[in-house]
Each structure stands twice: as structure tokens, then as C-alpha cells.
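Listed below are the structures to be examined.
Across the two complexes that follow, subunit A remains constant while its partner is subunit B and subsequently subunit C.
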Partner chain A sequence: MSVAAEAALLAGRNTRRFLRSPQLLGDAVAFPLILLLLMLVMFGEVVAGSTEEPYIARLAPGIVLFSVAYSSAGTAVAHHLDLRGGLHGRLRTMPISPVSPLLGRIGGDLVKFTLVTVVTVAVGYLLGFRFRQGAPAALGFLLVALLFAVIFLWAALLVGASVGSAESANTALTTPVTLLLLLSTCLVPLSAFPDWAQPVIRLNPLSTAHSALLGLSWGGPVLTPVLQTLAWAAVSTVVLAPLALRRSMR
Partner chain B sequence: MTAAAGTEAGLGNLVAQGAVLAGRNLRHRATVEMAVMFVVFPLIFVFGFLLLFGRLFDARGLDYGQFLPPAIVAQWMFTVANTSGAASAADRASGMYRRCLVMPVNRGAIALGRIASEAVGAFVAVVVISLTGHLAGFRFHGGVLAACGFVALAVAFALALTAGTTAVGLSSGDPAAVATLLNLPYLALIMLSTAFVPADAFPGWLEPVIRNSPVSVVIDALRSLASASPSWVEVRGAVVWVAVLAVVFGVAASRVFRRAR
Partner chain C sequence: MTQWGIEVEHLRKEFDGKPAVRDVSFTVGAGTLLGLLGPNGSGKTTIINCLTTVLTPDGGRLLVDGCDVTGAPEQVRARIAVTGQFAALDEVLSGRDNLMLFGRLLRLPKRQARQRADELLDRFALGDAADKPVKAYSGGMRRRLDLAASLVVPRPVVFLDEPTTGLDPRSREELWQTIRQLRDDGATILLTSQYLEEVDRLADRVVVIDAGRVIAEGTGDELKGRVGGQVCEVTVPEPNRAAAREALRAFSGEVAEHGEHLVVPVSRPAQLVEIVRLLDDRGIEIDDAALRKPTLDEVFFALTGRADETADGDERAADGDAGTTGRDGERPAGAVPAEGARS
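Coming up: the complex of A and B.
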């Protein structure tokens, strides 16, 4: 079998496990929706005065990105349990590529993130979020969200293979991801940050992907933020993927 | 059974054994991870939120550096309580709780040990956040007495919440499930309060709910105690709320406590 076919098979296994667990499914879908509603009532009035777009236009893409980044913690835990539970050991005795289990994990999670994005955007629509740039841009919105997911998925696989327990796999990712959310343009526009912090905030992967999503839905620059996000995904793949693979083989 | 009674009954045993169990709870908690959290968490939340909202609120005439730290204190009091609930669940799962019950250990000492160790944890947290807040411009303007009131109210709030999370933890016995279960009410209560955003910034229909949430009442009292002219009416309201929570959660916890094995 080719690597692609092996990875697809394992991705199917991971997706089925996800879809058949009401708890995992509920967590993945309910968490972004609760966050979307809470943050809309919390920050809507404060931020709305300082931007031209309605707050939901900024918040909905922000919540999509945050839930994708945040659920990389779930990826790390699942990968950790696969390694500890012996699934990887068993797969390694079989004539398949050593990369396939990792690609299978990533493929399964991309399916999950597609679902999360679609549901969050659908609820956002009820609250006033709109795609003003047409259908191809809406498809681009989903692709950028998935491209963004790749950045955190490689980090999650590395963390899952490196930590001692499922618990620490979780905390090792949720804390930095929460910090990245606060220091990004997902919740407030760049101009709300102090001038000295703006260059750093602008390069945060959540900010670059958020600019791209905002451009593809409400309107605004698209090419530069997409290229920046692509660069983040490329760096993550080149640097973290070999490390994740090596750690997982041990 | 005089020998057994001699080792477990009486006020002296209650205090001595409570201290031993409190020490054990604290040592259990004293990991490198926890130490890192004690340093990183206040920095992330104080400076993260300050960067995020400082400018927006300054434009509205609100000194966010003074506004925010009491909210981070309340947020961490929730964390203390939730961690404690998971620890109680772990004690039941591991058999530690049952072992205390079969040994000549004063029943009250188990509860006292938990209360004492959480009080220490909450106290350290309040001090750490106040110091971090100091860097962000947070000051106690109301004098030493008001500052002591600030610390006492925060710790009392943490202990009242801990009674509730202990009831949940002891009745479940699954630390991971308890941690997840407690996370949701915590998130909703802290976000739907005046913690990060003043009440008038919420939609009008939601404002009465936000203003009267016990979390808002406690946080506003903490802010008042740090201000130049503490309002005793606000503080009294918070004290009443904390007392009510302590009684309700305390009764629930002691009922679970008696039945748990």
C-alpha cells in the first residue's frame, strides 16, 4: 500500500473513534459555540466602537482558529495514548511506512476541524457573520483554517510523544495556546495593542491566519497573511515533523 | 477502646492530625509543574489581558491595571477550588480516603487538612498575583487593614468554593472527569461577571444578571478594598454571599463526606 492509502485508513479509524464518542464530539463542537456566545456578549460592546466591521465578523474566525489550536491538546493526548496503549508498537511490526500513523492522526483531525469550522461558521451566520467575498473565498476560508491547523498538529504530535502523562500533554498545550489567543488579533484589532507590542502580535500565527480569514469573509488583504500562514505551516512541518517522528519511534 | 479514642478524639488530635494531612496535601501539590504554574499563570493573565484590553479601556477612562488583578485573584481562587476537587477525587480513587477512615484518624482532621492546605495555596496565590499586579500598576490605596481584608475575602471565597468542589470530587472519585466537569461552570461564571469587563459594557438585558452574580459581587468588593475609599456596603454584600456559599456547599460536602467510602 502507498503511504497515502495507509494514512487514509488510519485517519478513517481515528475519525470513526471521534464520531462514535458523544463526549469527544460534544466537547469539540460545544466548546467553540459556548466561547463564541460568551465572548460576543463580553467584548462586543467594548471592541465594536474601535472597528469598522461588526464584532461577530472578527470573533467568528477567531473562535474557529482558537478551537482548532486548542483542540491540538486533544490530538496530543490521543497520540500519547496510542503510543502508550501499544497501537504504534503493533503498527510498527506491520509492513507499513513509519510516517503513516502520524499522517493518519493529522488526516483524522483535519476532518474533525472541518466539522468544527462548519458548525462555528453556521452559528456565526445566525449572529450576523457573513461571507461577503463569494463562494470561492468561503472555500478558501476553510482551506486556510486547515492550513493553520497543520502548524499546531505537528506541535501536538511532538508534545504527545515527549510528555510523561496524558494530563501534562494537555496542560503543555492549552496554556501557550491561550496566551497566543490573548496576544493575537482574534479578539481585538491590532491598533488596540500598545505600539511596541504590535510587530510581535502581527506575526503571531493566530494573527496571520486571522487576517487571512477576515479578508476571505468580511474583506481585506488576503495574499500576504495567507503567505505568512503558509510560512508558519512550512516551518512547523520542516522543524517539528522530523522531531515528532523520531520521538514517536522510540 | 480507650486506646483508640486516645489517638483520635479530642481537639489536640484534630489539630495535630489535621496539620499532618495538610502537610501531606501540600507536599503532593509541590511539583515543578505547580511551581511553574505559580509563576507563569499570573504573568500570562495579568499582562496578557492588560495588553489585550489596556488601550481599549484607557480610552473609556478605566484604569485597567487597577481593575484587572482582583479579577485574576478570583479566577485563581476558582483554580484552587477546582484543583482541590480533583485531588479529593484522586484520594478516593487511590484509597487514601478509605485508609484514613480505617485508621485511628480524627474524621474532622481529614476536612481540616483539606481546608488548611487550600487556605495556604490560596494565600500564596493572592500574594503572588498582588505582587505581579504591582508591576502592572495595581496598588492597595486603602491602607493595611483594607489590604488584609482583601486577602481574607479572597481566601474565604476560595474555601467556600472548595467546599463545593470537594462535594463533587468525593462523590465522583474520577479526577479527570471532575476536572472537566468543574471547568464549564467556572468558565461561564468568570466570563459572565465583571471580572474582565465592567457590567455596563455587557448588553443591557444581561447587565442585571452580570451585576448580581456572586462572582461579580466578590470581585467588586475586592476592587473596593484595594481602592482609596473601600465601600463597606459592597464588602458586606460579598461577605454575605461567601457565607451563604460556604453554608450551602459546606452542608453538601459534609453529607458526601459522611457517605463516601
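Coming up: the complex of A and C.
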């Protein structure tokens, strides 16, 4: 059997697991929606007028990205529990590729993130968010969100395999991800940051992906931010994936 | 088919410079059950992990069903079934979904995977719980499902790492029955245990390890013979026990105490009379004194120079999944499940 088929089976397991846990499902969907409404009320007024687009056009993609990055903590915890609980140990004694469990975890989470993205965008629509660039751009929106997810998924697998407890797997990601959100263009435009900070803010993966999503929904440059996001995903895969695999095999 | 199901020659494995397995050699005849007996931390799980390709040995040669573990790990993985100390299952999925997942990963087509899952659920008396999530299973059911999961595709060599740890006596008995059945079907089985009784009941041969070394090997009866053939068990009511033990110590250095019984190895049957006379001379009243064959517990005591404190009353939480039964408080001292090899 090919690695892809094995990974697909294991991804199916993760998706089924997710769909069978009402709490996980509820959390995954409720979290971005609450955040979306909260931020819209809090910052909507302040930011309105300082940009050309309405605040919801900036906020909805921002919340999609933050939700994806934030729930990589759940990926880390789940991977940690698989390693500690023995399931991963069993897979390792079976004649399957050692990479398949990791790819299966990533595949399953990409399915989850698709759901999160669709629900967040749907609620965003009620609040005034629009795809102004047509259907192919809307599909591109989803693909860029998933490409962005890959950056954090490899990090999550590495963290899950490295930490000593499920709790630390969680906090090891939620704290930096929240910081990254605040230092990105997801909530406020680049011009809101001091000049000296702007080059760094601009390279934040949340910012590059956000620019791409903004371009694919409201309008604006697409190619450069997509390539930057692709570069982030490539770097994460090349650097973190081998480490995550090695740590998982200890 | 080779003569040996498993061959271990001079296995060495260390963790961060600390030796876990020092120089272990043993063989398991094809179609037989070998019991690997040892206390916590003696290296049992490390040996299993090396044999099942999870860990790379630092030295030695390991053959499983004739395949070299380091040279051809894929071939080994296609020949083994492994049941570890912790139930290696998805807690959220149902029993059937778990079995189907493993079946399909082992290349069974979907329909066949389902058929095989149902077969196993029936055989392991889990049919009624087939569609319930595993987290709703009892410890015994979980262990049975775990064993079933490793048997989805029959394998010639089966590894069972402390399969009954944490089970109640009835579930343990049921699992033993299943293990015997497996051996009768022709599988080569390597079973580790801290329960001397378990090894005594199931194993064709026993290898006793302590601190990463083999300290004894043979059939249960041969090992019992090493203690000197017989022991004298003296039943002493309180308040005489301490005095009786003192008196017996003059007779033999190795006095073991089990509840109200004191146990002393003897070399000649006539020593029974000498013991009774000795106690009588000192005015120590006893209820009973009798000769019998030693138990494996006593063998273990004699071999390692210490009692196996983990052998009974050990009711520890059986799985490593967070958020389930947190029964750490019931863990007796020295019965920590981690063996250093798991990470």
C-alpha cells in the first residue's frame, strides 16, 4: 500500500474522531465565531475609516488564520496522546511507512480546517464579508488557508513529540500563536504599526497569508503574499518535518 | 518454518549511557510460549521493543521467525503481532472501527476488514459493545480489544507485554484462556509478566531477568527445583510470629513471611521435624507446619534476594490515555508502569 493510502486511512480516523466528539466539533466552530463577533465589536469602530475596505473584510480572513494556527495546539495534544497512549507504538510495529501516521494527522486536520474556514466565512457573509474576486479566487482562499495550516501543523507535530505533557503541548503553541496574531495584519492594517516594526510585521506568516486572503476576497496583490506563504510552508516542512518524525520515533 | 520463533543473542541496549539490557540471550521454540519474568525496570519492555523494531539495539543479533530485526525490519513487522502494556487503541472510535482501521492498514479490502472485525469481536466477547466508543469499555474489554487488534491479520509470532496488568481476576482468567488458544493455534508467543502465577500457568519455558540480565532459565518446575526442591511452611498465630521468625533464622537465612505463614527452604524432609522441635524447645506455639513445593514467588525471592513487591494487589490504571481513570493513588510503591523504554 502506498504512503498516500495509509495516510488517507489514518486521516479518516482523525476526521471520524473529530466528528464523533461534539465538544471538539463545537469548540472548533464556536471559537472562531465568538472571536469574530468580539473583535468586530471591539475594533470595528476604531479601525473603520482608516482603511479602504470595511473591517469585516480584514477581520474574517484574520480569524480564519488565527483559528487554524491556534487549533494546531489541539494537533500537538492529539499527537502527544497518540505517542504516549501507545497507538503510535502499535502503528510502528505494523508494516506501514513511519511517515504515514504524521501525514494522516495532518490530512485529518486539514479536513477539520476546511470546515472551520467554511463556517467562519459563512458567518462572515452574514456580517458583510464578500468574495469580490469570483469563485476561483474563493477556492484559492481555502487553499491558501490550508497551505498556511501546514506551517503550524509541522510545528505542532514537533511540539507534540517533544513535550512532557499534554498541557505543555497546548501552551507551547497557544502563547506564541497569540503573540503572532497581535503582531500581524490580521486585526489592524500594517500602517497601524510603527515604521521600524513594519518589515517584521510584514514577514509574519499570519501577515503574508492574510494579505493573500485579503487579495483573494476583497482585492489586492495576490502573487507575492501567496509565494511568501508558500515559502513559509516549504521552510516549515523541510526544517520541522524531519525533526518531528525523528522525535516521534524515539 | 524455522526451529526457533525468536532468537536473541547477546542483546544490549542502553539509554543515555545507562544500560537497560546488558547481555541477554534466549530462544523461543516455534509454536511455544516463553514467559519473560522480571520486576519493573528489569528490561522486559526494552527487550520487546527491540524485537518489535521499535528500538534499535546497541548490540547483539535478533531473529524473529528467521528474519533479522535490524537487517530486515519490514519483514519482521509483517510477521509479528504486538500487544503492549497500554491499550493501543483510539478511545473515541468504536471497537469495530478500531479493528477495521488496523485491518485496512494491513491491506485488507474494506469488506474483508469488516468481516474480520466482526469475527474477532465475537471471539473476544465484545459483540455487544462493537459500536460503543472504546472509552466506555472496562479495563478487561479494552485489553481484549487490544489483543484482538493485534490479531486482525494472523501472525506467526506474537508479543504480549504484560497483557493482564491491572485486570481483575476474572478478566485475567479470560485473557489467559485466549492466550492458550493462540498458542494452541500454533503461534510463537513471548509474554512478559511481573505475575509469577501468570507465567507459571501459561509458559512452556520461563526466562527470569533482573537488572537487564538473565538470572535463570528453564521450565517452571526446573526453576522451582533450584530453590532446593521443597520448602517448609509454618503457620504461626500472633503474638508468636516475630519470635518464630527469629528462631527460624537460626535455621536458614532466607525466611519469607506471607501473612501468618513463614516459609523456609529445606534440603531434607527430616528438617520438618527439626523445625517443629526447635520451635517447641523455645516454647513457640504453632498452628501448622508442612512441606510443599516452592511457588515461583519463592523462586524469585531466592534468585534475586528480594521479594517481588509488585506481584499481588497491583491494581493500577491500565491505560495511558489522559482523562480516563486517574487511579494513581492505588498504585503500590515501586509499581510505576514506565520502564524507561517507553517514550
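Everything that follows uses one rule, which is that the second predicted complex is superposed on the first by the 250 of 250 C-alpha atoms of A that agree within 3 Å, B and C clash if a C-alpha of one lies under 4 Å from a C-alpha of the other, contacts with A are read in each partner's own complex, and residues count from 1 in each chain.
Here is the rule we go by: a contact is a pair of C-beta atoms (placed from the backbone, for glycine too) under 8 Å apart; a residue touches a chain by one contact, two chains touch by 3 or more.
Predicted, not measured: the structure shown is a model, and the values here were computed from it.
Within the superposed three-chain model, A:194 lies in touch with subunit B and out of touch with subunit C [touch as defined at top].
Contacts of A:42 after superposition: subunit B is touched, whereas subunit C is not reached.
By the touch criterion stated above, A:2 is placed in contact with neither subunit B nor subunit C. Of the two partner chains placed by superposition, only subunit C is touched by A:20; subunit B is not. Of the two partner chains placed by superposition, only subunit C is touched by A:90; subunit B is not. Shared contact residues of subunit A, touching subunit B in one structure and subunit C in the other, are absent. Per the touch definition, subunit C reaches subunit A in the complex via residues 52-54, 74, 77-78, 80, 82, 84-93, 97, 101-102, 104-107, 133, 149-150, 319-322, 342-343. Residue ranges on subunit A touching subunit C, taken from their complex, read 1, 6, 9-10, 13, 16-17, 20-21, 81, 84-87, 89-96, 166, 250. Across the complex, subunit A is touched by residues 33, 40-41, 44, 48-49, 51-57, 59-60, 176, 184, 187-188, 191-192, 196-197, 201-203, 206 of subunit B. The touching residues of subunit A, counted against subunit B in their complex, run 34, 38-39, 41-47, 50, 167-168, 171, 175, 178-179, 182-183, 187-188, 192-194, 197.
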